[in-house]
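One chain, chain A, appears in both complexes that follow, with chain B as partner in the first and chain C in the second.
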Partner chain A sequence: MAKIILPGEQVDVFTVDDTVDASLPVCLGPGLVQSETAVHAIQGGLLRSQETARHWWIESNKKRYVPAVGEPVIGQVTSRHAEEYRVDIGGAHTAVLPALAFEGATKKNRPNLKVGALVYARVSLADKDMEPELECVNPSTGRSDGYGELTDGFMVHCGLAHCLRLLRPNAAALTALGQHIPFEVAVGMNGRVWIRADTIDHTILGATMITRSEHVYGDMTTALTASTELDACRRLVKQLVQQL
Partner chain B sequence: MSGSSRADGRTATQLRPMSASQGVLARADGAVRFGFGDALAICSVNGPMEAKLKEEQLDRATIEVQYRPATGVPGVRARVMEAAIRDIVEASVLANHHPRTLVQVTVQHLNEAGSAMATTLNAVAMALLNAGLPLRSMPATTTCAITADGELLIDPTAEEEAVAASIHTMAFVQEQHQLVYIESTGHYTEEQLAACHELCRAGADKVYAFYRVALEKKLAEEGFVVEAAA
Partner chain C sequence: MPREVEPSTIEREFVLAALGQGKRVDGRTPYDMRAIDIQLGPAYGLAEVALGKTRVVAKVAAQVVRPYPDRPNEGQFQLNLELSSMASPTIETGRLSEEEVLVTRVLEKAIRQSRAVDTESLCLLAGEKVWSVRVDIHVLDHYGNLIDCATMAAMAALLHFRRPDVTIIGEDVTIHTLEERNPVPLSLHHIPLCISFAFFEQGEQLVIDPSYLEERLQDGDMTVTVNTHRELCALSKAGGAPLPSEQVLRCIQLATAKGAEITERIQNAVRASLDALLPGGQKGSGGGGIGLDR
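On to the complex of A and B.
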C-alpha cells in the first residue's frame, strides 16, 4: 500500500487489525515525526508501511544529502591533516575521515590520499549538531568491505532516489549495462555514483547510462513493473551502444 | 454575484488554471515555476548547506530570502515581498532539524498579472516541498479583491486589482484550515473581510488539491509506483 502524503498531514499508525501484533513498538522512518498526540508527515512523498512489523516511512526524491549512520557515500578529499582527512560528501558540513579508519592502517602505515581523491566510505557518525564522520573499514572485523580510495573511473551525480534504486540487488540499469560491458561500480547514497570499465569509451558509456536511466520512467507508456523497467533500461543501453 | 462579470469569462469564485513545472533548475536542490494563468513566478530553494560563520545559528537553520520583480530593480515592494516570503518559510520549515546550516530561497517573478503575492507564496511552498526540506505544513495562498460596488473576486487579474477598493491575500495550512498569513490593502468593512476569508479559504483548498496532483505526477515521473486512490 502506498498513498500520496503532504507535509503536515496526520498518519494513523496506531489502529491495527487482528493480523498485527499490537504489542510491537511502532517504528517511524524518514519523513515522519511524532508530536504529543499524533504522527505527522514532514515531507511530501509516498507513505509506505510494513504493517506486520509496524514500520512506517515516506519515500521521495531529493537532491541534497543529509548524512545518516551506516549509509555508503562517495566523498572527495578537500584537505589533509595530521590525523584525519576532510571529505566533501555533498551535505551541509564536510565530513571527517580519520587516517586510521582504513583496513590495516597503523600509525606507521597509513593510506596516502591526495587532495581531490575520491573515497568510498561508510558514515560512522551522523548527528545534526556534530560533523559527520566516515570510515573505510568495518570496525568489528577490521576488513575494508569494499570501501577505500576509488582510482581512475568516473563519477556522476544523480538524485538520491536513483542511488537507492541502483543499490538494490539486480538494479535494472546495472543489469542491463552488465549485459554489454564489464564494469565496476560504487554507489553512494549521497547522489554520487562512480564507475570504471575496461576502456575509457566503456566508462563513458556506463556513466551516461547511469545518468540517463534516472529519466526513463517519465517516458514509459506501460505500467511500471520490474520487467518493464528492465526492458526500458535495455532499450536505453542498446541505443547508447549504437552511438558508441 | 453574477457569473459573467469578469473580463476573462471566469465566475467570481473561479481561480485561473494553475500550472507548475517542478525541478526546472538542474543545479538547485528544489525549483518550481508556479502560475495562476499567465501570472508566473519561479522559486529555487537550496539547502541545508554550509553557512558562513557569521550567519550560522547554533540551534536552527539560517534562512536567506531574495525576491526579484519581473521588471525593474528591486525596491520597497520587493522588500515587502521578501518579508512575506520569510514569514511563510519560517512558519513552514522545521529549521531546528538542521542547525548551523543555511537555507536559501530565491524568487524571480516572471510575469506580473495580478495576485502577485499569492503566485509567489505558492511557488515558494512548492519549491520547499520539491527540495525535500522538513516542513511543518504546506501553506496555500489565494488573493481576493473587493470591487468598488462590493463584489468579491478571487484571484484578480492586474486590471481587476487596479480598480479594486481593497485587495486581500491569505495563506492557509490544511489542518483545521488555519489562517497563517494575511495582507490587506484598501478600505473595507469587517463583514467584507469575513466574506473574503471564506472565499480565500475555498480557493486555498483548490490550491492544496493542486499540490497533491503535482506531487503525484512528479513521483510517477521519477519511477515511484503510485497506487490509484481506492
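On to the complex of A and C.
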C-alpha cells in the first residue's frame, strides 16, 4: 500500500527490517531530497520504494515538465544557430541541442533541422542554474539509439505519469494497440508522444488510444494488475476501432 | 513561464491532411462537438461546465445597490472573466492577453448586449435600490473553444440562480432570507449560446468546436450566437480568412441546431439540480420557475 506524501513532509527511509541489507546505500529518486540528516519530500504524491534495494521515490501526475538527466524527451526546434539548435521541451526554459550531438555528425556533415521540426532526444544536462542540454546520440557508443528527427505521424500530449506508464516494457496501451495496427511510437517524458502508422486513420486511432488510455487506470492509488490493465486497454481499442 | 510555441510542422501537416479526408485528429467529424458535462450547485447560481477537456466555472452573485442616475429603473448586470495561468501555463497572470479581451467582448455581446437578463425586473425602488447581478467566470482548463464553454457556464449559472425574495411596502424594502421565503429566479428573456467554428484551407474547410491545436492552426474563426427562438443574437468574426456567404449561412444553420440541443441539456441539468436542492413541497416556485419570460 503506497503512502500519500505532501511536500515538505519528512520521510523515513532509514529504518529497515531484517529482510533488507542495512549496509546498502540509500538511493533517492524524484521528489526526495536529503537535508542534513533527514529526508524530505519536495513534491506531493505517492511514496514508492523498492525496499530490498533501498530505492525510494515519489510518484505523482503532473503536466509541467522539469528536465532530469537521462530522460527521453520530444522537443520542437524553435530557432537555429551556428553551433546549436534551441529546442522547446515544455519546461521552464528552452533546451540547447548542439548541432554535433547526432550520430556521425561532423563539422562538415551535420543534420539540417528546420524550425518547427520535432526531435526525439535525451536530456544530457539538467541543472537548476543552467539551461538544459539535449543529445541525439549515445556518447559512449556514438550510436543514435533511436533518437533523432521525427518525420510524419502526429504528436499528442498527455500527463507525465501516463508517459511513464507508456515507457514501461510491454505497456498495456501500446500492446493492445499493436494487436490491431502496426505503428511506430516515441514517448517523451515531457508529456509528448509521437506516433506514426501506415494511414491517417490508423494514426488517429493510435493518437486517440494514447490520450484516452490515460483514464483507464482510474486514480493512482488503485494499482491494476498487469492482466486487468491489458484487458481494459483491449476493450478501449475495440471501442475506438468501432467508433472511428 | 513557458512561452506559447507555434504548433510543430508535423502537427500542422497531419491536422490538414486529416481534414482533407474529412477527419479530425481527436476522432471527431467536422460537425461533432466535444462531450459536454454540466455540474450545478450545491449553491444557487454555481455552474461548472466541461467541453471536452476545457473546463469553466461560473458563479452568479446579487447585491442591492443604488442605480445609475441616468437609468433609475434598471438593475445592473456585469460579466467578469478570469483567465489565469491555472487555465494554461502560457497565460500570464496580471497581464490582459489579447485572447482574454476577445473572449470578454464576445461574451458581452452574446449575453449582455443581447439583453438575456431582464434588467428592468431587477429594480426594487426606482432611483433608490436595484439588484446588481454579477457573473464571475473562471477558466479552469483551456483546451480550446473557451467562448462556447464560458457562455454555456454563464447561462447555466444564470438559469440556476435564485435571488432572495423581497417585500416592498412604501419606501421600506425587506429582503427575506432563504429560510423565510423561497428565493426567486431571475427573469431571463432568452438563452443565447455561442457556437464557434474554425476555418481551414482559406475558408473552404469548416470545423465546429475547435480544439486548442485547431485554434492555433486555423485560417480564421467565427462565433455565432443563437437562441432557441431561431434568432441570431450576435455574430463575431475578428479577422482571418474571408468567407463566402453560403459558408456563413451554413454555420448559422449548424449553430441553430447545436444551440437547441445544448439549451435542452442545460435546462434539464438545471431542473434536475433544483429538484434536488429544494425540498419536495417547494418545487412549485423553485423548480418550475425555469420557464422563460416570453
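To be clear about the criterion, the second predicted complex is superposed on the first by the 237 of 244 C-alpha atoms of A that agree within 3 Å, B and C clash if a C-alpha of one lies under 4 Å from a C-alpha of the other, contacts with A are read in each partner's own complex, and residues count from 1 in each chain.
Methods note: a contact is a pair of C-beta atoms (placed from the backbone, for glycine too) under 8 Å apart; a residue touches a chain by one contact, two chains touch by 3 or more.
Just so it is clear, the model here is predicted, and its values are computed rather than measured.
*Asks:* Does the superposition put A:W194 against chain B (first), chain C (second), both, or neither?
*Replies:* So A:W194 only meets chain C here.
*Asks:* Quick one: is A:L118 in contact with chain B, with chain C, with both, or with neither? Answer first, second, both or neither.
*Replies:* In the superposition, A:L118 touches chain C alone.
*Asks:* Answer with first, second, both or neither: which of chain B and chain C does A:L46 touch in the superposed model?
*Replies:* In the superposed model, A:L46 contacts chain B only, not chain C.
*Asks:* Just to be sure I read the superposition right, which of the two partners does A:E229 touch: chain B = first, chain C = second, or both, or neither?
*Replies:* first
*Asks:* Applying the document's definition of touch, where does A:I4 land relative to chain B and chain C: first, second, both, or neither?
*Replies:* first
*Asks:* Given the touch rule stated above, what does A:F154 touch, chain B (first), chain C (second), both, or neither?
*Replies:* Once the two structures are laid over each other on A, A:F154 reaches chain C alone.
*Asks:* Going by the contact rule set out at the top, does A:R64 touch chain B (first), chain C (second), both, or neither?
*Replies:* So A:R64 meets both chain B and chain C here.
*Asks:* In the overlaid three-chain picture, which partner chain does A:L244 touch, first (chain B) or second (chain C), both, or neither?
*Replies:* Touch status of A:L244: second partner only.
*Asks:* Using the touch definition from the top, say if A:A92 reaches chain B (first), chain C (second), both or neither.
*Replies:* Both partners, chain B and chain C.
*Asks:* Residues of chain A that sit at the chain B interface in one complex and at the chain C interface in the other, please.
*Replies:* Touching chain B and chain C on chain A: residues 63-64, 91-92.
*Asks:* Along chain A, where are the residues that touch chain B in the complex?
*Replies:* 1-4, 6-10, 42-46, 59-64, 66, 91-94, 128-129, 159, 161, 165, 216-218, 224, 229
*Asks:* Within the complex, which stretch of chain B touches chain A?
*Replies:* Per the touch definition, chain B meets chain A at residues 28-30, 46-51, 92, 94, 97-102, 129, 131-132, 134-138, 173-175, 208, 211-212, 215-216, 218-227, 229.
*Asks:* If you look only at chain C, which of its residues touch chain A in the complex?
*Replies:* Checking each residue of chain C against chain A gives 1-2, 5-6, 8-14, 17-18, 21, 23-27, 89.
*Asks:* What does chain A use to touch chain C in their complex?
*Replies:* 63-64, 76, 78, 88, 90-92, 114, 116-118, 150-155, 194, 200-201, 203-205, 207-208, 211, 240, 243-244
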